[in-house]
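There are two complexes below, and they share subunit A, which is joined by subunit B in the first and by subunit C in the second.
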Partner chain A sequence: MKPNLEHNVKPYDDPAQNGRRSFGDALSPWLFLAPALLIFLYFKFIPMLRGVQMSFYKVSFGDADEWVGWDNFARVFTDEALRNAAGRTLLYVLVTVTLSAFIGLLLAQALQGTARHMRILRTAMFLPAVTSAAVVAEIWRILYAPTPAGVVNTVIGWVGAAPQGFFSNPDQALAALMGMHVWKHVPYDTVIFVAGLAGVNRELYDAAAVDGANAWHRFVHVTLPGLAPAITVVLTLGCIRGFRVFTEVYATTGGGPAGSTEVVMTHIYKQGFQELDFGYAAAASTVLFLFTAIATAAFLAWRRRGKR
Partner chain B sequence: MNIDSSSGHAAAAGTRAAWLQWAARGLLYAMLVVVFVGPFWAFLMTALSGVTIAPGRLLLWPEQPTLENFRYAWFDAKVWRYLLNSAVVVVVGTALQLAVSALAAYALARKRFRGLALVSFLVLSTMMLPEEVIAIPLFMVLGNLPLLNLSLQNTHLGMILPVVGWAFSIFMLTEFMRAIPLELEEAARVDGANDWQVFWLVILPLCKPALGTAAVFGFIMIWDQYLLPLLVTNRESLYTLPVALATVRADETMKPAVFIAVSVIAMLPSILVYLGLQKAFNRGLLAGAVKG
Partner chain C sequence: MKHAHLASWRSGAVASLVALWLMNSVTASAAAANDPGPLRIWTRSSNDGRKTYDAIAAAFTAKTGVRVEYFNATTDFEQRLARAAVGRDLPDVIINDGGSLGQFVNMGIVAPIARADIVGGADLHERAWRTATLPDGRVFAVPTSAQAHVMFIRKDWRTRLGLPVPQTWDDLAALAKAFTERDPDGNGRADTYGFVFPGSTARGYTAWFISSFLYQAGGDFVRQGADGSSRGALTEPAAIQTLSFFKRLLCDDKSVQAGAINATTQEANRAFISGQAGIYLSGPYHISLFDKEPGADRVEVVPAPAGPSGVRATLAGGELAFITKTTRRRADATRFIEFLISPEGQSLGTRPPQGGLPVVRLPVNRNLDAATAHQDPRWALVADEYLQHGKPLPLVPNWARLQQVAADGFNATLARCSSNVAADLQALNLKIDAELAKQRVRAR
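Up next is the complex of A and B:
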């Protein structure tokens, strides 16, 4: 049922064909686009430009804002708390993206196919993915309860481990968050890989089998190359999701305990809404945006080059 | 654990290996269900239990089954009000998002005009502007819309309008509309239909499956909003359910099972929409996956 992606727009309203185009015809597409463009203008582009502008001011409520030049940016690059948060975010992205893709790949191998029970299983395991991040946070606050009766503590108790603190232990909170994140996003990755596997040419498997390739060789030389587009999608989406992570952290640990889970977005949010340092928060957001935009663009360019 | 099914190996090793493989698969499936569905099940069962449970404990089967926790959550913890806020935001938001996306998609898919490439680029660029990154300035803009001198702070509209424009929805509908044969449109034009009539009478009815998909994704996306309501309001009476969870949790006089009931109410809408409209949902998932 997927629409085919080929452009079949013929120039039926090409002015060269229809003679002179009336003013109304030229205006028409813009009328269709106007609502979307207006919404984007007000809630995406103006805020973005305003954010860049705010980055150069000390924003104060009531008084006029004070121009401070590059000061905010200078602070962004010397702020140790932000640097730590950035390091933590990077680690968070690396671990969650890799782990989630890896588990997703394994599960996709086990859950591929169109058999009825496979579809039911895939549906069942997709529940975390459609549950809102705030609810997932509450679920895991309870699962990770630091008491002996807590669910995760009960499970690790079966193998003899002592009860752990999880979100309340500065040494474990970030890892606990990563576990929660992977739980929510593995289903997405699995489904994308299942779709990717369905597109791998079956004949290649047969050919490999004839050549005497074992399961591992088939996986490395047939499955993985066939999954390249799916892997790209999973990694790109995972990185974008990871760098902007906010709700999962804010609704569970709030960046604590002792700042051990402070990520870039929670740090920026606090600088803005708790310290009321909006200029600085805007500058840090601008840097985060530039970083993700450049990283995404570079990645897409590299991917396009690889295709040619 | 090697979970690759390979009939050649199984046949060689005989029925014992086949049985082992079958058992391993069964075990894996059971583990998946426990890990990914278990928490939802335990939440529901605990919420239905009348016994007093220790904080952090969950039940796998209701003890002293009762709806009292839900009753308390609904009336005394005022979940009805948060759910109403959420419903207003999600229903109006999804409807507007669908309308705006369909209109834009029609122009992008079926029209050629100067500026098409620029518009496509602008729409695409919004995908790189998640609201987390523009949260701080968005807060300022919502407080005073440029030119209009209007504040959307503390209004439902403030939580709705920013999510009405969604590039994913626009692009998905654009791709679908491109695939509709031009002959259908030309036939209508010969009969004297204008752009609006072509859009409304020819294209939209053919887009129903794609509109369904866009609606499901829009619903789940808007239901998931967390930072935006936080930016728009600090009045509890305007909180949507996901944002209100923290407020409800902070009430220490409440039994743990009541808060679990509140969480169950908060997880149900998106899960029900997903389960009910699964076909539409999966279509969109694959469209997104293939497109990247």
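Up next is the complex of A and C:
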């Protein structure tokens, strides 16, 4: 957190003035950061800490909160509905992250380059990523309309498939959600991969070609290692995004039908805002936060070790 | 170099001053809260309902000099209240539907009411007072409006197909099927459905909506003993019959609007308004809404059908006004509620201004007659349904919780056409009993 001030020290400064000057030097970055920090403090850090604090209480709305120690956390680990939701979330993350990274990589191969039409294509393709999740959800609800005249049903009808229920069918709703998620996040991954590809040394391809490597070999031995940092970013961001997926689910199925799309965040939301059990919801959120933080740190550490 | 350095130092200082000023203005506005200001009232109503409340407030202010500030919302109303409660920033008065009574009492945000202290309280229907009373007899609200569900049918569709107004479940199913299969809007496309069903578990809609049908089958969610204790009643044949009827509509006839199993009431309203489906059992507050679209000449308001053994019943409920525990303006809050239940306030509530919706559906005041208050014969039908066949939701300490349990169960059974209704209800009834036990009213 502490800003790096070393480069501000100027060797030709008069030592006599150094004391006063360095006070200003030390202060000015903090002054610049102050507006942002104050806003973060008020709207992010304090609410987050308050959330952690809340997870040790039975939050009461009319009277003082009641201290319950680790009770809420104990419930987090025995709540069967939460465990089911966690399982579903894990599956959701695995499928969507892998699938969007894979498709993103393929698209990046096709869309790399600096030609003008490529830039237009890339911009057009990026649109889903900048559309808000609520709007995407509304669009896909229309696309997935469970009627024979629904858009997706019409398309699959061309190959002779019967109309499907999608969000209305408990056996398909989660998969349908994953499809929507992948559609929204592939462009994001693609852009990161395109940037990653631009950084791969062209000479390596030439050298590989001279050594007789075919396209597949070049991809495996040159492109992939060169893309390692990009892959790390895509997977890390994808996992974080996946574990806290909420809007996409809440705005389409609300966790239904028959609870088939209940993920961790919708479950926590319902505990907090439908059952009005704020303390428990805060505890579950704290656990989810710690899990995400630890998983991310572990993954990055593993990546770093791999690099050595 | 020195100048640039100084300049950056200075602009940094300016930036942090701006931030300080921002924070100051936040605290300044918090300090202003010490001035009592207007009476703060939250209502769960749409913007059109809000217009009517505004008219009531204007009359109240003219009479008493007490200013009123509303906040209205239809979605996430209870959630917003919970957030306000945690932020220790509750309003003075809350007006919400009767199902929230136990929830608010449980949250500890509302204060008890002494009926004798409410001026004009003796003029209210006893039936209405009962919706504000907990099983143990404590009163926590004042009823401001009553209602019973009625059936809205696309009259133009029905007459085009030459079918009668449904009197029974079978009639209803037949009409729904005809609306689905026989192109009632005559546009040559198979794009209509019969029956509107808000099947989402949000706010317990699934159970709330099905309640009328459960009552028509002669069933109930719980059976109550004379001592106020209850046990789950979802293993009774009536419950099995009810869910089987819904499964018939959803799975066999496929005569329910698309995506019904995830539909909230707002989405259900849209399905009816947009001409996607033509039969909707709903609250009378929709009369004026559906008059705008699909249009008064296209929609008819009829009684809910009779169940398989001829039982006529429909969900009856109402609106309640609560005074919060934290208010420092109890006297003003009470005066507002007294005005709202007075003949004047009730009349204003039934006769919305231009573009408004009635916030008093059936007057709770005995001195007013529903049909004449609304000047609309359809409201006479609503009043008749309420008095003859209206059945309220069960009186348990926290109905909202129980309704959520029932809704989750009903939704799961109806989501899968392969489900076993009897077995599912058996399992659901155990959960209902467990919730009753949690609320300490389970019968031994």
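Rule of thumb we're sticking to: the second predicted complex is superposed on the first by the 277 of 308 C-alpha atoms of A that agree within 3 Å, B and C clash if a C-alpha of one lies under 4 Å from a C-alpha of the other, contacts with A are read in each partner's own complex, and residues count from 1 in each chain.
Everything below uses one rule, namely that a contact is a pair of C-beta atoms (placed from the backbone, for glycine too) under 8 Å apart; a residue touches a chain by one contact, two chains touch by 3 or more.
None of these values were measured; they are calculated from a predicted model.
A.B. asks: Have a look at where A:T236 lands relative to subunit B and subunit C in the superposition and call it first, second, both or neither.
C.D. replies: A:T236: touches subunit B, not subunit C.
A.B. asks: Applying the touch criterion given at the start, work out whether A:L288 contacts subunit B, subunit C, both or neither, answering first, second, both or neither.
C.D. replies: A:L288 contacts subunit B only, not subunit C.
A.B. asks: Can A:F126 be said to touch subunit B (first), subunit C (second), both, or neither?
C.D. replies: In the superposition, A:F126 touches subunit B alone.
A.B. asks: Considering only touches as defined above, state whether A:W183 meets subunit B (first), subunit C (second), both or neither.
C.D. replies: So A:W183 only meets subunit B here.
A.B. asks: A:V210 in the overlay: touching subunit B, subunit C, both, or neither? Say first, second, both or neither.
C.D. replies: Neither partner.
A.B. asks: Please determine whether it is subunit B or subunit C that touches the greater number of subunit A residues.
C.D. replies: Here the partner covering more residues of subunit A is B.
A.B. asks: Which partner chains sit in contact with A:V159 here, subunit B, subunit C, both or neither? Use first/second/both/neither.
C.D. replies: neither
A.B. asks: Does the superposition put A:A145 against subunit B (first), subunit C (second), both, or neither?
C.D. replies: In the superposed model, A:A145 contacts both subunit B and subunit C.
A.B. asks: Report for A:D63: first if it touches subunit B alone, second if subunit C alone, otherwise both or neither.
C.D. replies: second
A.B. asks: Taking the superposition as given, does A:F278 touch the first partner, subunit B, the second, subunit C, both, or neither?
C.D. replies: A:F278: touches subunit B and subunit C.
A.B. asks: Taking the two structures together, which residues of subunit A meet both subunit B and subunit C?
C.D. replies: 28-30, 32, 35, 39, 42, 59, 145-147, 149-150, 273, 278
A.B. asks: Per the contact definition, I'd like the list of subunit A residues that touch subunit B in the complex.
C.D. replies: Listed in rising order, the residues of subunit A that touch subunit B are 1-14, 26, 28-30, 32-33, 35-37, 39-40, 42-48, 50-51, 54, 59, 106-107, 109-110, 117, 121, 123-128, 130-135, 137-139, 142-143, 145-147, 149-151, 183, 187, 191-192, 195-196, 209, 215, 218-219, 229-230, 232-233, 236, 240, 244, 246-247, 250-251, 265, 268-269, 272-273, 278, 281-282, 285, 288-289, 292-293, 296.
A.B. asks: Touching residues of subunit B toward subunit A in the complex: what are they?
C.D. replies: Per the stated touch rule, the residues are 2-4, 6, 8-9, 25, 28-29, 32-33, 35-37, 39-40, 42-43, 54-58, 99-101, 103-104, 106-113, 116, 119, 122-123, 126, 128-130, 132-141, 145-146, 161-162, 164-165, 170, 175-176, 178-179, 181-182, 185-186, 195, 199, 209-210, 220, 223-224, 226-227, 242-243, 245-246, 249, 259-260, 263, 266-267, 270-271, 273-275, 278, 281-283, 285-292.
A.B. asks: Give every residue of subunit A touching subunit C within the complex, in rising order.
C.D. replies: The contact residues of subunit A facing subunit C are 24, 27-32, 34-35, 38-39, 42, 59-63, 141, 145-150, 167-170, 252-260, 273-276, 278.
A.B. asks: Any idea which subunit C residues touch subunit A in the complex?
C.D. replies: The contact residues of subunit C facing subunit A are 5, 8-9, 11-13, 15-16, 18-20, 22-23, 26, 76, 78-79, 82, 85-86, 103, 107-110, 189-191, 199-203, 258-262, 264, 325-326, 401, 404, 408, 411-413, 415-416.
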